[in-house]
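Presented sequentially are two complexes of chain A, the first with chain B as partner and the second with chain C.
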Partner chain A sequence: MTSGPLDRITSYQAVMFITNFILGAGTLTLPRTTTEKINTPDSWIAVIVSGLIISLIAVIILKLCQRYPNETFYQFNQKLLGKWVGLLLSLTVICYYIVLSAYEVRTMAETTRLFLLQGTPTWAIIMPFLWIGLYLVQGGVNAIARLLEIIFPITVLLFLLVMFLGIELFEVDNLRPVLGSGVKPVFKGLTTSSLSFAGFEILLFIYMFMKEKNNITKVPLVGVGIPIIFYTITVVIVIGSISVDAVVSQTWPVLTFIRSFEITGLLFERFDSLILVIWIMQIFASYVIALFIATLGLNQIFPKSTHAFIYSLIPLIYLVSMIPKNINEVFKMAEMIGNLALYLFFIMPLFLFIISKVKERKYEKM
Partner chain B sequence: MKKCKPILINSFVSMLLLFLLSGCWSSKSIEDLNIAVGTAVDKSKDGKIRSTLQYVIPKAIGNSNSKSPQQKAYTNVSATGNSLEPIGWETTLQREGPISGAHEKAVIIGQNLAREEPIREITDLFFRDIDIRGSTLIFISKGEAARTLESKEADVVPAIRLVEIAQQDLTTRALKHLSLMKIWGKSNSQTSFLLQLIDIKKGEFELDGAAVIKGRTNKMIGILNKEEIEGINWITGEVNSGAVKAFQKESEKPTYYQIQSIKSKIKPHVTGDRISFDVKIESEGRIAEYWNPHFKPAFKNKTIKHIENAAEKEVMRLVENTTKKMQKEFGVDVGGFGTKLRIKHPNVWKNVKDNWDEKFSEIPITYDVSITIQDYGMIGSKKK
Partner chain C sequence: MKWRKLNKNRMKIEESAKKAKQDKQPFQESIKEMTGNLTADLNLIRKEIGHNSDVEFREFQMGTTGIRIAVVFIDGLADADVINKHILVDFMSASPKETGHPLKNSSLKEYIKNQTLSVCGLNEVHTLNDITSGVMFGSIAILVDGLEDVFMVGGAKAKTRNIDEPPTEALVRGPRVGFIENLKDNTALLRRHGKDQNLSIISFQVGERSKKELVITYMKDIVNPHILEEVKQRIDKIKIDDVHDSSYIEQLIEDNFLSPFPQVQSTERPDRVMSALMEGRIALLLDGSPFALIVPVTFHMLLQSPEDYYERWMAATLIRILRYFAAFIALFVPSLYIAFISFHPGLIPTKLIFSIAATREGVPFPPLIEALIMEVSIEVLREAGLRLPKPIGQSIGIVGGLIIGEAAVQAGIVSPIMVIVVAVTAISSFTLPHYNVGIALRILRFASMLFASVFGLYGVVLFFLFLCSHLVRLKSFGIPYVSPAVSYRLDDWKDFIIRVPLFLMKRRPKLLHPKDSVRKR
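Presenting the complex of A and B:
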């Protein structure tokens, strides 16, 4: 991975980065996590509203990056916050991405062990995943971008196909009444549904690699817009099919939904493995991007060989991913990551943006 | 020599990789699996639970006409225990091979057990299991559930036949088929609901009405017969085919109206503390059988109107009969009235939902049935 001028990605590839990074491990539990807090069928409204808020933050992040067109977050935060605070922040962010990639890997292993490879030990599922990721990250930002371009259309196609095949189960009554208890419950759910968009902050790190640097407001908008559509479809169809009361009790609501119907007469009767396949691809994308950002950070902070960092991160990620002892601890880990993300990427960019504005004014006065 | 070295190494590594390709870590060969398609759960004589698993024998399905016509397409194993999990392991002591639940089609619960234990608890294993799918259908058996998994006919797997019959939803005299996933939400929100009831007649099973499951206890409290199920289907409009009697006077019989569509709209009204329901039922169809003893020509609209009227009266009788049964005898709402109230008046619903079934039994419901006969088939009139 070189951060030289040769590594350039197009605007479309940047959109792929945002979208694929957002769509990760959280999707399978999304209907439950949002509905738990809201307890009415209005989760989909919360998803849309929080998505719009997130697009706004993503645009702010873009504006922030445009002030430092040839630097990543790891480099320009030192200019804004001073050397030591910036360094500390960078290290926190790197830790966040290491834990995030470990979580992605672990969730993938949990569901694969449950639904696809029942007797396979967890380490045997995780290791090939980690190694292939390592290989890809060595290829740098361009290789990752090309992979994302390949898997995204497959995801869209299969996801929509499977979701709409289950339409037979759909009952509008399960989604009504709309806003029956007013808007208050929707506000309660906004935090959790916003957290499902974690990943939108990726522009902080890849903006440097982008070919076009101006007039690209549509990149964060489209990048967040696609997950909004995905999430809304998921929440609407799953809750509409198995009702609010059932969704809150299901460990993996989306998988429950997919396992609740069979299509006879088609080539395939069951579609669980299809959805798991595209979902594993999405997790892989999230994991690779997180690993990439972590190594990029280490590389930019400590001027050492990139390969050394990638190779040392892999065992670390494996160890972190094995920390949770059971599924409850995995969910707890997700919650922890969410809370950290809330401070790191929802509040901090706004803060940095304000600082940069203030500094700008100071210079103007001088 | 030096030139071909990388090629040699590469091909050696590739050949090693071939071993990794060759199969699954924990594969089980399909011949050894006991593919369970049905489970019957009964109360055993000593008060425990008796569960019967039905395995298909794929060998016997394909070649029934060849050597062994006597061989049945299925085999049942059963054992007794405190709950379903230990029973499952117990059966592995009787028959070789692991149990595979991935093709489970039907769960049948005996009436005796369903009246004593909550449905949600009996079926917990089916919801929790990773292999068993939410699309598995659920039934209650009038008698012993294990007997519904038997058939005298060769080449028939009773559990699969049962599911096929249930899924066709052909007549209003049977309830719309219910999968495990559909009752999970209802059980969790303490809503009362109906489950299809099976009875054994001359050794073969038959769908015969429905079991009433009370929301609060999640236990079976009674039975609705086929005629009362007709009423339910007219109220909910879920099953859209079948026939209905279309004569009132004995001298005019028999005349039958064939249903092509049923549309029903339940409208809740709230004024102050009083809740009431208006149900508007509309149906379109044709005259399917009209012996016509009085030789009235169907070409005349007057005749059509007369028959429509008679059918409307019959439907009215059906729905009112069912309503009386729901409100007065069982005191449960299984017609979906609560759902409509929840949607239209969410704030009122919040106050009444905790004892909705009791409240429901005192709520006035008015019906309005309108039937439209679109045609009368190939015969328009008969001559004396």
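Presenting the complex of A and C:
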């Protein structure tokens, strides 16, 4: 794997990393997961608020990384926490990303089976997907960055286009009353809506590869900002069109919404499978990034390792992705990942940041 | 004097030369120096190349001096005009007595160089090897009795064809000029096309056995030195006995031999080469090949035509968009057809699916087989039309297109909609301005059809992801193949899918990191 010092990515590409990693399989269930706890149409407020909080954490992560410009999280956490604790943390993070990529792949397979390929076994859907990801990851961080730049405009623009095609179903009444039950339910939903932004922590790993290292506060801000806008549009349109009750009862509310309208006169009349096919690319992006970070971690923790690690990760991800027996277990897996992410990337960066500040103070005193 | 047919007594001479050699020197080194003794030198040369029937030896005397002179050349390759009108006339009419110089060695040499020979290209060589190789490449060797130096005059005068418009890259508007097989003419074309003192033409020799001249051309003050160095290194690494055409060079210097995409652009048009040089690219021209190679190549170049710049920007932009669209059709339409018909008929509008189903009623094959039958037969037709002489080729097209297509539908082997799909695909692939891009897309189309037949739309997406993964990994001389599409550089996008008006194109493409980035002020 090429992770040498010559492999640099631009600020745009860093934004693409953040945005594409946040937008993953979770988008298709986003209106449901955010609304389930809130139970009012106000989940879009929760999305915006949690997005703003996440941007703050992302900026803190950037500040943390700027202290170690030529190291990734895997390397500098040992300096902050000591060798063994750091190693343990790194391994946990690697496990997290393996499980995460397995989850992305499995969700993709489940939706594909449901909407596109009814008879095809899950393993047959997953395997080629894994292999193509492996092929890409071998190209290194630059190749991934370029792929993200190709995928992002296609998926996001087409997704939004299709969402707006269904605008005739939109009724403002479905979104009213705004804050009808007060601010409390919104606060309750903040945790779940924050989890939909998991992926912002990618800066911990790719900051090392960035060409420009200073004055780039806009990178995490834009990187998280795009998903905020995207999520808000999705939540508002889906809830506004099919109402809170329908959103909560549907497994894939976004697909249900798209299925509920037909446009005659165009080449296609129904768009649900179409949007799913396009969204597969987005899931691929998330999966590839997770795979990349996991292999990067293994390479940096065990410096002697070569391609063997990448190859051995693929069967591992496959096995993990086949653990859940059905779609409900997949969602449980998602919940588990979310909880892990909460501790790993919402609280830990703050913690590390404080430690690094304290250490800095110490040195100053000395 | 008369021309001598020396081949007849070749054996004799060889024997005598052998004897002479045995008598004088016990063994000679592989580098044989000229002695200055005309008879001995000629014998040496005869022994080396005299067995060839086209090598001619002509001996005569220099004016009134009686100094013997011999001319060695290859009949048909060397310029006979030079021998007749210059060398023979000059030497035979030379009258060195007027100058009053005693004609011994150095002064004789100076006299010949300064006052006798009226030709421009003149080299002096000493070794047998230089002489024989020079003569073999078309130079005329002039041996003067008493001089160790041998004068080599001129180079090969090849019969060249006229400079026509290349048939493979015809344009509606633009210069009607194409490269030919002669390297000197080609470099002259470039010089004439771009009157720029920074245009550098550097010569290399390739081929271990049959040595050919290869030149790399670039703009000295624009080109990125790293890319230039890389190109030079790759050329130095070429170790092959013979390079028949510049396509050999292309295959020997490309980055990834497993990729279906051409990583070197070949063109017959000097204007195209010139505009590439102006962008900071490098062109390679090989003697004997009318195809110049342009490196590094990025994907968008392969969908561009020089006409994009000769037409006004609106037309050019629209045609470019059309070309991208056509490339998409050529690549994906058959696979989308297979995916929709065999996996997702529900996605097609109801009326359309009914009419498709009605036409497919009698077809006994699944969509993949149906598509393969038609795609393969159209590839066969295309290949057949290419090999046949033009008039027959056209009739093959009619026979294939009309009769086989129509008959296949009537016989119920394929559905009419399949014929439409295949026809649209084929026509679309003809809009691509480069033949080898067309081939790449043809290969990939079959791959994408296979993906589609196994996984439907999901397969098409998988194929797209695979294709993109391959493209983003591919590099041409260190430049990412997919630029400028990604690594968003908005400046370079002015000349990507949209071709903005010329007055807005103020910078050269940044992706090559040119030294001088300003195109227009």
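Following the convention adopted for this analysis, the second predicted complex is superposed on the first by the 365 of 366 C-alpha atoms of A that agree within 3 Å, B and C clash if a C-alpha of one lies under 4 Å from a C-alpha of the other, contacts with A are read in each partner's own complex, and residues count from 1 in each chain.
Here is the rule we go by: a contact is a pair of C-beta atoms (placed from the backbone, for glycine too) under 8 Å apart; a residue touches a chain by one contact, two chains touch by 3 or more.
From a predicted model like this one, the values you see are computed outputs, not experimental measurements.
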Touching A:120, do we find chain B (first), chain C (second), both, or neither? both
Thinking of the overlay built on chain A, is A:163 touched by chain B (first), by chain C (second), by both, or by neither? neither
Tell me which partner A:180 touches in the superposition: chain B (first), chain C (second), both or neither. first
Between chain B (first) and chain C (second), which, if any, makes contact with A:273: first, second, both or neither? second
Who does A:224 touch here: chain B (first), chain C (second), both, or neither? neither
Under the stated touch criterion, which partner chain does A:242 make contact with: chain B (first), chain C (second), both, or neither? first
Residues of chain A touched, compared between chain B and chain C (which is higher): C
Footprint overlap on chain A, where chain B in one structure and chain C in the other make contact: 117, 120, 270
List of chain C residues in touch with chain A within their complex: 343-344, 346-350, 455-458, 460-462, 464-466, 468-470, 472-473, 480, 482, 485-488
Partner chain B, residues of chain A touching it in the complex: 114-115, 117-120, 124, 169, 173-174, 176-177, 180-181, 241-246, 248-249, 256, 259-262, 270
Where on chain B does chain A make contact in their complex? 24-26, 130, 133-135, 179, 181-182, 184-186, 188-189, 339, 342-344, 346-347, 350
Residues of chain A defined as touching chain C within the complex: 10, 12-13, 112, 116-117, 120, 125, 128-129, 132, 135-136, 138-139, 142-147, 149-151, 264, 267-270, 273-274, 277-278, 280-281, 284
